[in-house]
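Okay, so here's the structure we're looking at.
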């Protein structure tokens, strides 16, 4: 069973989703929870069976899909993807468990299960085409979730979300096809296997174009400034569960893809574009943090804060060294947990008051102390307080990038200031002061069901803040191999310098480019 | 004048078999009707299905022969059975087999009540088969007209105002296109003294394209003529009206079969010109392809009727596929067939979904047969049908892993390998634009409230029978599990295309 | 002076253009069909001429089939017109306007 | 010389006839002019030695087609003046002129007809016979397909113009169809 | 010994968690008592560790577990007990224990009693991490941790707008400094490959000066925030919104001295870059006098004490900057004792006066609150630096250090500040405890604090009195095993005595002036009409040199406005509008061109012909071009193309 655990992880929820059509409406929630718990347990088993000492891919599976065109169903996980997969399983579970009285709960759960399939698929795929399939497919359930259960402007938001990301990824598809073509030119064989592509060294000029094509797809997904405007709408309109999964997992696809594709495939282009991307990332960090500060709707604050944090992740990724990339991978998980939790928390208050405007609240700390406490912890985690999960990632990302540019890191570091500004302000508006609104005076505090979802998140936030090593070990193991690969593949002098050489003398098999285009 | 001595073997009459079968079938139907009128349509449907089945087997036989002996020609070299001919006939006959059971609707419609419909249908198939299985422009022309004339009638037989209007429009524009075709053929005849494409190509290249001006005039007329058949902008204007006017089933059929025939002939005709380095043609085709894709896409954005939207979308798809001819590599030509095979599943499925929801009289809130409003909140009242419809829409939009994605992917890849990176990008971005209008239907189905909940889901399956459901089931399975079929299809198609020298 | 192939081709073109004018300006469908006949006929002249000057029968063949096609089109076209006329009692194409956009 | 005179004469006549056809507002004039133009075209065929084609032209066009059209005209009652709303004339004339000029521009150049091999050279045996041979060997298949096409046209004509299209089953409700069927049966029974 | 280390470190955490358990339930005494006892345990353990360090003259270094490890980075949770950190531990645990016990009484009537102790103990824990960590990352954990707790405690009365505002201000301002610190840490890591003190500092010697200067500056920026040095000082005065025990513990004794601790800890770094040191010293001296001037006129007891703290921090930085690290640390310790005492005394007064803070509304409180008066007076004497109290020894050393190093300007400034310190300290003493009774008229009925609160304060009183002359020698012995053992002796005995006595006289004169001025029965509650209040000097000082105003007007407001502009104008109107614009462009084009499909057959036919003409014209152009390509080439070349 372990041989196929990844396939099982991917298709078990889908199968359960199909079977879920048969389950009666009233029992659907229990069914969903059961399925997602099984899935989560399976993912934990995957972790258990995962060999921390191995830096490469594990649990590889391979089946021919379109061998004539080099498309194969290849799966595998390494330290980078493993934890995101677990996170995906975890958040689906938490999400379903925390579902409140949603209309059409059956459709919702089936959709969530399908979404889970695509999420796990993206992170487990080792074939660019399979990756692309899951990447695109993930849009569909999300579209439905936003569009069917969302707020007032849900249709606009969902279409914007879909089309924007769809357009970006189509450009990426062209890039993928080009990449396969270059591989074909070099070796005479079609292949979409990422591991095959890793062995291909491209001339720098090709790298730049391909990088740009991939970048557009990934950047919109992340979303990077200036492609970010779909996100506030999507978050603002999506139901709680949608926002949670969007923030926790779906956004990570973009940053994950940067690490999986852009860096190892195009080390020179990555170096070339490092500074411009870092500038974009800094704009993301500061600009969106300021925009978040100006928001009136608490969910929008969290939404913009997500963008801001994604900026740090991007920055860490493009540090091109082990510290930075490990940090960004860790921050993906950290931000997933924290942003997911914050959206859940916003959902809690929304369920009670059906508004998300901060001006409607105030003084909640005395009415809902437990809620305020959990919110406070998560806020502090979001701000990046040490010993919470986010700090580790942010610290490492910034630390990593510092090697590349001092002044840019200094600017990026403003994140910790502006982040504190909008978060504390929002917290103050909602929880501090006197209770002014009559409706707020008798709000019930968080109930058991909500606690079931929130307490584990708090525990993870602190546990991984104190003991990140469980994750950081495997992550940095795999990152090291990627960085080494990049260094070995780098063509330009600049890249050779920028990307550290971790171990002298390790040679990978390389295929040089034959014949131009 | 010496007597003509011809051996029957040299005629290679077997090449005619696949075309003769539907002709014989059509005559059979006419004869049956003559002896005993008033028989139920189910008889004719099944009869046609059987005939097409035999036809399909004949094609399989030809395919086997092709695999062994390569390209065959027969009957004084008029018939040309190469890979393209066989592949396109597979699509023609296969799509027809999927189409014909759609006649077994729950509600009664005019055309299916008359056996002539089925006879004309079979004649039309034979016409298309002749059209693709030759490189003689006369036979192309005659086959085309046979098929077209039958098609006009089929459209009109739906027997209501819009269908007559559609038929007349189609007919008149078709007549003009026929004029263009004959003029174009005349120019090439004047240039080369031949009306066989091989021969034309040989003479032209022997001349070194000295009369490039004449060639271009001829190509211009030919492009206009095929542009009409393939609905290239600005020769596409008939498409939306005709699709709207005909029954949904026939519209779906029209979006597939006549076009593949047109593609094959264009491939035969334009490919050698492209390869001979007629830059003009490349430029013009490039413009045509891009304009067709883009313009049709943006017009589809503003449609209020699903069928009309699908009409524009199929124009856009045709433009997309036309790129294959521009690129002109083996990969691109294979991609054309792959695309069209996958497209036929999806598009027939989509139109069939419209077909089963066709009402006889319009409720007040509906502006047309298949207005978007009609599908509001479909997920609430008939979730299964809505999901299937959404599936087809996603497939048409090119969302993986559904059928059409693989076609798109392979087509874009062929643009990439063919050295058309910008075109590849435009193709990709057009898919994104197209996403909007496919989504629009999904939005209506999944995200809006039903307009008349009292009716329930019945309105969406008012026309459904077992036969229709089976067809839709086929299409659904084909659309979802396309990724399993892509490899065999691709290998099959590539070997056929490659062995035909394209 | 010698009448060459070009003369015929030019004549054919002129006739074809007249046909085009007819196709474009006629609103009466029946008379529009006349114009389509002109189109086909003009091409026939050219075919016959080319056939003559090249000494090749193929052109005549094409012309022959064009005539056949024209005849068939007339049949179908008239059929369509009749059925329309029966219902709506006109054959002006401006009345064919239920579908647009 | 004779050839030249004949060419220019008939060229003028055909152009004039067809011009009338597309411009006159009298349907009858148009029909007559069309028929005359067709006959003048057959003259070209005779000049060019395509006797069989000339004959076919006269028989099929001037005979069959024209007869059909005149029946149609009577049916549609368009013998009187036809009123047509004209749009922008300049577009029409402009487009046609441009088309003519463009093509003529190219066509006035001589064709470099090297490498042309006449596949079916015109021999001495007389046009009709030769045509027959070619038609029934090389063009047998197209010929038969043309036959099918004519059959299709015939069926189409009958279906469309006949009584079958009178009542539209598409528009009728099931009940109306049932009633109509019953009525028909009872009529038959009476007869 | 490790056991004691962990006990000292984690007892406060346990106490905090214990109190946090009850944080949402009604007040229970245990939530206060248990953390206090646990702090006592921590104090005891620290004391044992102190004696261990003193006795064996060795240090204790443990590594609990790995925190982060990736690439070349390795950060453990490592703790070190050496002479410096054990001093800090003692100060922290001692003051906190006192404050905890005191707070049981002080917070007696507060609804958030349990929550208060949770925060307070958490603070102690963070502070312990800060001082005990053996690496910069661990220091940073504590650094941020105390910031968090400070936020929670300043904003403890969260219903008050001013409290929450002050809390956020403190947090954000500290964050600005933390960024500097973070950058400093990055610099250290990328230059030395580690963050462990015992690896970093030896490696410093090999680095080039520029790098060291940058490291020094960035670390100091971090210190500036925590220790509220100019220009990041405004939060400290506002932080007085928190409960008074908090001010005593955090904003006087411990947290704000973290910056000094950092500089002292990094003495090996700053020793290499004397220029930066000089800058630190100058800034310290500036802050000393700058804060003292603001304290002169302020009408809020706690704020006066806060400015005094600020001023004293300036002293410490001056010392540290001049390389007198042990002096700085010594002053830190002494200051902690008497300043905490002063605050707690102020707390008593506040308690008595129903949270009234304006000393002008008090007067004559000495009668009812004898013990408080005595304690505060003694604390002020210590603060003023009168022999033989603690302040004399520590402060005098700083002056000497400045003098010996020939930084006479710094010396002068610090000397002047000493006088100001004495003046403002006794200004409030005089106003509160002496003179005419002004409070009865305003309806206050002051009473002395609980006994046990006073008893709890007594250790501080004792230390404020004796720590100077009793500990100086031993302290020097102890810390100089780690820190540079510079002895500041003015060799000329005459000069020494003139200076010492002169300083004393100056200070005492200031005290008497203060008494004279503020004990007079004419003192009234100022109403803003007196000439003094109208003067520019007064306005400048009472408005804190308009710096908070400047921040509000030119930083906070523009930030808010810019944020709104970014959101409403740029994000919505430019970025998003572009995206929507592209989408709309397609849609509009479609709407405008769909007329092409007029549905009229004639138009359709015309389109077809037009398409043909289009193709034909392209064909002709191209055909002609091809035919005449040679001549075209000639023409083009003639045109110079």
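As written, the chains take the letters A, B, C, D and E, and residue 1 is the first residue of each chain.
The criterion applied here is as follows: contacts are C-beta pairs under 8 Å (C-beta built on N, C-alpha and C of every residue); 3 or more make two chains touch, one makes a residue touch a chain.
Note that the structure is a prediction, hence the values are computed from the model and not measured.
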item	value
Most centrally placed chain, judged by C-alpha centres	A
Chain pair bearing the highest count of C-beta contacts	C-D
Centroid distance [mean C-alpha coordinates] between subunit E and subunit C, Å	94
Centroid spacing, where centroids are CA-atom means, of subunit B and subunit C in whole angstrom	26
Chain centre separation in whole Å, for subunit E relative to subunit B (CA means)	76
Subunit A and subunit E: spacing of chain centres that average the CA atoms, whole Å	35
Where subunit D touches two or more other chains, by residue	91-92, 95-96, 99, 102-103, 106-107, 109, 111, 113, 116, 118-119, 130, 138-139, 142, 146, 149, 152-153, 156, 158-160, 165
Contacts with two or more other chains, residues of subunit B listed in rising order	138, 142, 145, 149, 152-153, 156, 168-169, 172, 176, 190, 193-194, 213-214, 216-217, 240-241, 302, 436
Per-residue multi-chain contacts in subunit E, two or more chains	583, 594, 597, 599, 601-603, 605-606, 609-610, 612, 616, 619-620, 623
Interchain contacts, given as pairs of chains that touch	A-B, A-E, B-C, B-D, B-E, C-D, C-E, D-E
Of subunit A, residues touching subunit B in the complex	64-69, 107, 129, 132-133, 136-137, 139-140, 143-144, 147-148, 154-155, 158-159, 162-163, 166-167, 170-171, 173-174, 177-178, 180-181, 184, 517
Partner subunit E, residues of subunit D touching it in the complex	87, 91-92, 95-96, 98-99, 102-103, 105-106
Residues of subunit E defined as touching subunit A within the complex	23-24, 65-73, 137, 140-141, 144-145, 148, 151, 155, 158-159, 161, 164-165, 167-168, 171-172, 175-176, 178-179, 182-183, 185-187, 189-190, 559-560, 562-564, 566-568, 570-571, 575-576, 578-579, 583
Touching residues on subunit B, where the partner in the complex is subunit A	379, 383, 394, 397-401, 405-406, 409-410, 412-413, 416-417, 419, 421, 424-425, 428-429, 431-432, 435-436, 439, 442-443, 446-448, 483, 486-487, 490-491, 494
Of subunit E, residues touching subunit D in the complex	602-603, 606, 609-610, 612-613, 616-617, 619-620, 623
